[in-house]
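In what follows, a structure is listed as C-alpha cells, so that the remarks can point back to it.
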Amino acid sequence: MLEALKEEVCKANLDLVTEGLVIQTFGNVSGIDRASGLVVIKPSGVPYDGMKPEHMVVVELETGKVVESNLRPSSDTATHLVLYRAFKDVGGIVHTHSLYATAWAQAKRAIPAMGTTHADYWHGEVPCTRLMTNDEITSEYEANTGEVIVETFDGIDPLHKPAVVVASHGPFAWGKDAHDAVHNAVILEYLAHLASETLKINPATGSMQGVLLDKHFLRKHGPKAYYGQK
Amino acid sequence: MLEALKEEVCKANLDLVTEGLVIQTFGNVSGIDRASGLVVIKPSGVPYDGMKPEHMVVVELETGKVVESNLRPSSDTATHLVLYRAFKDVGGIVHTHSLYATAWAQAKRAIPAMGTTHADYWHGEVPCTRLMTNDEITSEYEANTGEVIVETFDGIDPLHKPAVVVASHGPFAWGKDAHDAVHNAVILEYLAHLASETLKINPATGSMQGVLLDKHFLRKHGPKAYYGQK
Amino acid sequence: MLEALKEEVCKANLDLVTEGLVIQTFGNVSGIDRASGLVVIKPSGVPYDGMKPEHMVVVELETGKVVESNLRPSSDTATHLVLYRAFKDVGGIVHTHSLYATAWAQAKRAIPAMGTTHADYWHGEVPCTRLMTNDEITSEYEANTGEVIVETFDGIDPLHKPAVVVASHGPFAWGKDAHDAVHNAVILEYLAHLASETLKINPATGSMQGVLLDKHFLRKHGPKAYYGQK
Amino acid sequence: MLEALKEEVCKANLDLVTEGLVIQTFGNVSGIDRASGLVVIKPSGVPYDGMKPEHMVVVELETGKVVESNLRPSSDTATHLVLYRAFKDVGGIVHTHSLYATAWAQAKRAIPAMGTTHADYWHGEVPCTRLMTNDEITSEYEANTGEVIVETFDGIDPLHKPAVVVASHGPFAWGKDAHDAVHNAVILEYLAHLASETLKINPATGSMQGVLLDKHFLRKHGPKAYYGQK
C-alpha cells in the first residue's frame, strides 16, 4: 500500500538526520497521496537508526484514523492533517527542532527577509504564530497547533512562504512533496542562522528593500524565472 | 565485582566523548548499585583513549572508601556520593564542562524553559546553584558542591529536572542509570545552546507559558503520556 | 576550447563546496583568458555533484554572448563581466552566500580591519556597497550589481582589497586567477567570522592602528615583503 | 642535529592543524634546547601538508642566526627568542590565529577567569598586552612584540598563566615543551570560546571568586595537588 510514498517519506525522514536538523528522535516528515486521501507519516518516538519504509504509518486525511500499521503515528500527526486540509497544493510536511529556526520560534519573532539568500526562496518573512490560548493547549493541542498556523497564513500562498515558526515551539516547513519539504527545512535553517548572525553585527537590521525581494524571488519562481536551466 | 555496572559506566564515559561533551580528561560518569551500596566511577585524570571497564573504581556510598582499584577515583567522587545519598531514585550521574551548559553556569543563571524542546524533557528551568561560601570552598569542597546542589533541589523531584548548573563551575546531570544520565547531559547541552541562541535574537525571552510547559512534559512523562510506542 | 581554464574554473567551483562556502547550488566561480577576451563560468543552477569541466560555459567578455555550451551561464554572469572590464589585473572572480560574509552584507556594514589576521591579506576594511536604486534593480540588475561594486572601488586597487560585500546580498571576491579568488573567499569568510566574534566581546571594536595595518600587509605584499620563502 | 627536538616541533606544528587552531599557513610552534642554546622553529609560509622534521629551522637563542637550514625561519622567530630569553622555564612556544582567542585579542580584552574550567589551568585571567607604539611597530616589530609580552608578565610566573593575547593580533601560548605549549593553546581556545558564550548570556560576567580560583588551580598544580593519579 502506497509503497513508493512510504519509501519517499522514510528517505525524507532519514535526510533530516543527514542534514543535521534533528537530535534524538525529534522531528518528523509526512507525505500525502491526494488521490486516495491518505497520509504517510513517521511513527512516534522511534529511533532513526534502522528506520525502514515499512515502519511508516498510513492515516486518513479526513479522520486521522490509522489505516495500516502496528506502530502509533507521530504525536504531531493531527498538526500535519490540519495543514494538508487547508493547504491544497502542499504534498509534504516537515517538523523539526533544528537549532536556529527553533531559536527564532522561542524568541517569538518572525524571521525578516534580510537579503537575497532569503529572497531566492521566500517571498517575504518567515511568519511566527501567535501564542496559543490555554484552551487551545489543553484540548486538541496538536490540531490547534495546525489551526494557528493556518490562521497565520490567511491570505498568503503557503508555497511562496514554505515554512512557519510556531511560537515557543519550533518550525514546520512544507513543499510540493516530502523531498521538497525537507529541502525547504534545510534552507530555512540556513536563513535562520544567517539572520541571527546578522543581528549580532547590526541588531537593528530589518527587511530588505521590497523591490530587491521581488526581483530575487521572481528570478527563480513564477512565469518570468530565468535562474537555472530551461 | 559489579562487572556489568563497570562496563555500563565505562561505556557511558566514552559516550561523553562521542557526544562531544568533553575536552581533554574533563568529565566523569558514575553508576550506583543500590543493593550493595557501591558506586562505580571513572578514575581521576586518566585519558579516555584506551579506557576499559577494569579501570573503573568501586567506592562505598556511605564512606567513599575505595573498595577495589589501583587507581584513584575521580576528584569529584564526593560530589557524586552526596547526590546519590539525597536523590534516592537516581542511578547514574554525569559531570561535564560542556560548552553551552558551562557558559550558563559561568553566567550564574538558571536556564529558563523557553520552548517545547525544553519542556519535552524538563519540567521547568534548569536550576543554578547559589555561590559557595569561602568556608564551603576551603574545606570538603567536593562534598559541599554536592550539598549546595541538594539544597537547590529542596522540594523538587530530581528526575523531573534531571540536571543543574553549578555557579562558576559547570553542569551535573543524572538519570535512572548511567546511560540515561548521559542522555540527559546531551539534551541539556542542546537546550543550553538553544537558549543562548534565543537570547541573541530576543534578549528579553523568559519562560514559556506554564500550560504549554505542562502539556509537553506530561505528553512524554507520567501516567497520561502518549508520546512514543506503547 | 580553453580546456585548461575550464578545468581550473571547474575545480575552483568544487573547491567552494570543500571549503564549506556554499549550500545547495548557490555560488559561482569564473576565470578569464585576457588574450582571447573570453570568460569561463559555472552554468546556472546545476548541482555541484557530478560537475565536470565540459559543463563550464564560455562567454565573450565584451558582449556576454555564449560562445560555446548547451547550458545557460550563471545568472550572475553579467556581474562578473562588469568586474573583469573594470578590474584589469583580476583573473578570477567568486560569488558565494557564505554564512559570515553574507551576514555582514545583510547588516550593510563594511568589515573593519580589526587585527593582523585581516591586515595580512587586506589593506584596510572589506568595503560594503551602497543600496541599489529601484531603477538599478528593475533593469539590468546583474550588470548594475557589478557597476555598484566598481563605484565602491573608485581609487582603490582591487587586488589590495580583494573582496566586497554587496548590501543585502553577499560577498564577491577575486584574485589573480580562479584559484586565488577562491583562496581570498576562504580568507574573507574567516575574517568575517573573526570580526563577528570580536563584536560579541567588545561591540565598540573598530579599525586597528594604521601603522600596524601597513606593517602586516607590507610584510607579505609588495617589494619589501619578507614573509614566506624567497 | 637536534633530531629529536625537530621531530617534536614538527609534530607539534602538525597537531595545531589537527586541533583546528590554524587556517592556511598561519601559526607556528618552536621548541628550545637550553643546553646548547638552540631553538627549533617552523619555516616561514610553508604549507602544513607534507611538512617534515628536516624542514624545521635551527636558530641561535641569543643572536637569531640560522644555524642549519635552506629555509627561512618563521617571520615570528624574533618574538619567540625574546620570550625564551625572559621566561627561563619555558621549553616550547606556540603562536596561532585561532578563532576565539584572536577575537579576544582583537577586542583588546584580557580573558577573565569566569569558572573552574579556566581555574584548572590558569591562575587568573589570560592577560592582554598594551597597544604597541608606532616606533615599536616600525622598527624591530617582531622582537618588540616579544618585549611587550614580557612587560605584561612583570611579576607573573609565565607557567601559571601560560598564554597571552597580543592586542589587535592573536594569542601566544607556551609550556614546558612544544607538546605542552600546544596543549595550552588548545585549552586557551576552549576557554576563550567559553568566555565569549558566557558574555552572550550575561554581558556583566567578571572574574570568579578568588578562593574558588585558588582551590581549583592548586587542586591540579603545586605541592598539594590531588587531581589525577600519583
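Per-chain residue numbering starts at 1, and chain names A, B, C and D are given in the order in which the chains are listed.
Please note the rule applied: a contact is a pair of C-beta atoms (placed from the backbone, for glycine too) under 8 Å apart; a residue touches a chain by one contact, two chains touch by 3 or more.
What you see is a predicted model, and the numbers here were worked out from it, not measured in a lab.
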Remotest chain, chain C as reference, centres from CA atoms: B
Same-residue or different-residue interface between chain B and chain D, half as cut-off: different
Averaged-CA centre spacing for the pair chain D and chain A, given as whole angstrom: 47
Centroid spacing, where centroids are CA-atom means, of chain A and chain B in whole angstrom: 34
Multi-chain contact sites of chain A, meaning residues that touch two or more partners: 200
Chain contact graph, described as a line, ring, star, complete graph or other shape: ring
Full enumeration of touching chain pairs: A-B, A-C, B-D, C-D
For the chain D and chain C complex, residues of the former touching the latter: 23-26, 43-46, 71-72, 75, 97, 99-100, 102-109, 131-132, 134, 137-138, 141, 168-170, 196, 199-200
Residue ranges of chain D in contact with chain B within the complex: 114-117, 120, 186-187, 190, 193-195, 197-198, 200-202, 205, 208-209, 211-212, 215, 219, 226-230
